[in-house]
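Two complexes are shown next, each including chain A; its partner changes from chain B in the first to chain C in the second.
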Partner chain A sequence: MRLELRHIRHVYSPGTPFQVEALRGVSLSVGPGEVLGIIGGTGSGKSTLVQHMNLLLEPAGGKVLVDAVDATTLKKSELRRRVGLVFQFPEAALFAPTVWEDVAFAPRRLGLEEAEIGDRVRESLALVGADHLKDRSPFALSGGEQRRVAIAGVLAMGPEVLVLDEPTSGLDPASRQDLLRLIRTLRDTGTSVVLVSHDTDEIAEVADRICILEKGEVRAIGSPSEVFYANPDFAPATVSTVAALNETGWDIGHPVRFRETLRALAGLMEG
Partner chain B sequence: MSVARSFGQFYPVASPLHALDPRAKILSTAVLLLGLFFVDSAAGLGLVAVAVVALVAVSRVPPLTFLRLLRPVAFIVALTVFFQVLFSREGETLFAWGILEIHEGGVRLGLFLGGRILLLVSAAALLTATTAPLALADGLEDLLSPLKKLRFPAHEVAMMMTIALRFIPTLYEESQKITKAQAARGADFAEGGPLSRIRTTIPILIPLTVGAFRRADELAEAMESRGYRGGEGRTRYRELRFRQRDAIALAATALVLAGAILL
Partner chain C sequence: MPDPASISCEDLSYAYPGEAEPALSGVGFEVRAGEYVGVVGPNGGGKSTLLRLLNGLLAAGSGTVRIAGHDPTTEPFEVRQRVGMLFQNPENGLVAPFVEDDVAFGLENLGVPRGEMRARVRGAIEAVGLAGYERREPHTLSGGEKQRVALAGLLALEPEILLLDEPTSMLDAAGRREVLDRLRGLRREKTILHVTHHLEELLDADRILVMNGGELVADVYPAQLISDPDLLARNYLVLPPLLRLASGLGLEAKKPRTPEDLAREIQHRSPRRTEAR
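The block that comes next holds the complex of A and B.
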């Protein structure tokens, strides 16, 4: 699916002394099988932005387009199914007595047949590597396991776009790697992914395109190498290293991912 | 920060009312709340109303914001007036339509009662809007402390109040987040009758409760690790000082009220 935001504006508590202009005309899009990485400092508007993608927040101005169709004309339930949104710390919304029941919540709300619900729950739990937890209470799991289950709860709707708001915050390195692997798997099956993070190293490894938000505006959007090499304050360690090397007279191009960078460095040593 | 602007909310600006000792404000409000029950003339209510309006002006809380603070109770006021007007059979009949009769006495009583409740609520809203929650709890503890001799747990009650006040906005925020997270999973909170409403709130209430208990645990641990051992021998960071202006404020309230009762 192609999801597009056009000139989205959002104001919290308008007309009060607490008014905050969180988004000032943000435009971006994500295509099928594409991973869009959104980075930006705290308070830059990332969480506000992603809540517009399934219209949980209504924009004060601008449009959300789903395959070129105005999202406001779609049924809310359909929009929320097609654009799956995983909030930051999604485990805070686990509620059912068992993991299985919790993941089944969304497909139940879609009114699917019991057999279909079972298939979806099994598939989603398998995707996040949590099939062995299905009979446990979600409240008795570790933080990392809870996070996986919560993500499975959204995957069970079969979204065409998966939006993840800081999904790795508070996770150990192994769980982070698992999550990045999940994102690649989804992308390979044609699902679009929007990944919000403030960890640029992590986002550099999976994103096909990068958007930098700053004070509610898009500061830069484009391919990772364009964006990172032009905005050194947001650059991952690989880019900072290569940029420093290039400055001292070497020229090993503009690699971003770890492997690409290693290859470029290896080439340098051989040459 | 996202906070519900609602009844009981502190409005942080600098004003003469904000600067008063919380005990003076609590006592004045208490005197007013009790005294209002003895005000039985329209002129008396009018006098109190003028005083309340003047105090809102002094408090630097924008009038519109203040009205918004009252909004949650507007329904109760409207309901009270409505029932008085509808069910009272006193005085001249103003209007009759089938079994429906509206009497002059009912209208008078309804408006009077509505006005009285509105003033009660305004006075309470004024207290909480101009007094920081912590100051409010400190003041209350201090006022209740003579009761400690009677084994009344004044410190504990005040501490509970402080904690509750501190966590209301947090819980509210948390409930908003959980509601959105469940809406993203297709939950629909607007549909159905009361029974299905209860059913649809379960996915919110359970995580909210679980989260509240977790927070309570963390708070208890943090308090203990910092050496909190209850109220015994505890000193305050900010000592309360009852000054001349506090005495004047209290006296002024009593005076206006006496006038209103006599009118």
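The block that comes next holds the complex of A and C.
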């Protein structure tokens, strides 16, 4: 699915002395099989923005388009099935006695048949590598396991766009790697993925395009290489290292991901 | 009698109700007053359980915990007075309509005089870089800003011991630097136990405790940990990207702290250096 946001504006506490304009006309899009990375400082509007992607928040101005159709014309339940939103700390919403029941909750509400529900739960748990946890209580799991179960609950809806708000925050490095692998798998099967993170090193490894938000506006959007080399304050360690070398007169190009950067730098060491 | 250790655990074990496997088993260590100690290890390794035992949110199954000589379960008042704890998710802790009320909340409960309260609240808000946010409503803040409000509320209470459970996990690079700088400013003045998944935050720590499978598997200096690939791998720890680049280039011994450090080192080693201007 192609999800497009056009000139989205959002104001918190409008008409009061505490009015805050959180989004000031944000436009961006994500297409099938693409990972759009959204980065920005705290308070830049990232979380507010993602809540507009399935109209959990209504914009004060602008439009959300789902395959060129105005999202406000779709049924809310339909929209939320197609655009799956994983909040920050989604494990806070786990509630059922077993992992299986928790993941089955949303597809059951869609009115699917038991066999279909079973298939979806199995597939989603397998995708996040949590099949072995299906009979456990979600509350007895570790933070990383809970996170994966919560994400499986959204995947069980069969979303065409998956929006993840800081999905790796609080996870150990191994769980982070697993989650990045999951994002690549979903992308490769045609899901559109929006990944919000403040960890630029991590987002650099998986995003096809990058958007930098600043004070509720798009400061930059484009390929990781374009965006990171032009915005050194958001650059991952790989880009900062290469940029420092390029500045001294060497031309190493503009690698972004860890492996290509290591290869370029290793080439220098060999002469 | 010499001062008791700030934090001391002996043969500490705990199992959550209904779970066969213990979350913590046979953990023992001491932290002296003014030390800055990091805690790392995989999710489910026992880090958060340990913190909850230290401040008395959980009671030890067996073994002992002492905070400045006091037992958190039988002397909770003595312990809570000395220990401030910051959780992973700032959403859980914010209660008041405005930022300044939230920071003042704990002080109001302690009955601190009005004038002193104002000064402490102001100082704490400035310390986390939120001056000007006093009258903002917490729900309009980003996750990172909320985390800083929570930290300010903690600092206003002036505890001797800070237990930090991933205090920067919701912060961007700038916010993280700000909080880490502030924590560095508190060194020696406070005893700090800092749980994190980001090794780069602990490179200056006095020691690092590595927890895995509910056990304390290593108690080492940061330099020992980052130069021990086996210890790292066994505990699912990954070096920060900069150190991984350095290691991939055979420059790990140089331990670069910044991209510029690494760039200089590469230049220095490259046979091509004569070509550069």
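Everything that follows uses one rule, which is that the second predicted complex is superposed on the first by the 269 of 271 C-alpha atoms of A that agree within 3 Å, B and C clash if a C-alpha of one lies under 4 Å from a C-alpha of the other, contacts with A are read in each partner's own complex, and residues count from 1 in each chain.
Everything that follows uses one rule, which is that contacts are C-beta pairs under 8 Å (C-beta built on N, C-alpha and C of every residue); 3 or more make two chains touch, one makes a residue touch a chain.
Bear in mind the structure is a predicted one, so any value in this text is a computation, not a measurement.
Colleague: Overlay done on chain A, so just call it for chain B and chain C: clash or fit.
Modeller: clash
Colleague: Check whether A:Phe18 is in contact with chain B, with chain C, with both or with neither, and answer first, second, both or neither.
Modeller: both
Colleague: Per the contact definition in the header, classify A:Gly222: touching chain B only (first), chain C only (second), both, or neither.
Modeller: A:Gly222 sits against neither chain B nor chain C.
Colleague: Let me test your reading of the model: by the given contact rule, A:Pro90 touches which partner, first (chain B), second (chain C), both or neither?
Modeller: It touches chain B, and chain C stays clear.
Colleague: Figure out whether A:Gly253 sits in contact with chain B (first) or chain C (second), or with both, or with neither.
Modeller: A:Gly253 sits against neither chain B nor chain C.
Colleague: Decide which partner touches more residues of chain A, taking chain B and chain C as the two options.
Modeller: Touching more of chain A: C.
Colleague: Looking at A:Gly41, would you say it contacts chain B, chain C, both, or neither? Reply first, second, both or neither.
Modeller: second
Colleague: Looking at the overlay, what does A:Met157 touch: chain B (first), chain C (second), both, or neither?
Modeller: first
Colleague: Check the residue A:Gly190 against both partner chains and state whether it touches chain B (first), chain C (second), both, or neither.
Modeller: neither
Colleague: Among 78-86, 150-158 or 204-212, which stretch of chain C shows C-alpha clashes with chain B in the combined arrangement?
Modeller: For chain C, the listed stretch overlapping chain B after superposition is 78-86.
Colleague: Which positions of chain A sit in both the chain B and the chain C interface?
Modeller: Looking at chain A, the two contact sets intersect at 12-13, 18, 92.
Colleague: Contact residues on chain A for chain B in the complex?
Modeller: 12-13, 16-18, 51, 54, 56, 76-77, 80-81, 84-87, 90, 92-96, 105-106, 109-110, 139, 153-154, 157
Colleague: Within their complex, state which residues of chain C touch chain A.
Modeller: Residues 16, 18-19, 41-45, 48, 88-89, 91, 135-137, 139-145, 166, 169-175, 197, 236-238, 240-242, 244-245, 248-250, 259-260, 262-264, 266-267, 269-272, 275-277 of chain C touch chain A in their complex.
Colleague: Over in the complex, which chain A residues touch chain C? Could you list them?
Modeller: 12-13, 18, 20, 22, 40-44, 46-47, 88-89, 92, 137, 140-145, 166, 169-177, 198, 200-201, 234, 236-238, 240-245, 248-250, 258, 261-262, 265-266, 268-271
Colleague: With touch defined as at the start, can you tell me which chain B residues reach chain A in the complex?
Modeller: Checking each residue of chain B against chain A gives 1-3, 5, 62, 65, 174, 177-178, 180-188, 202-204, 206-207, 210-211.
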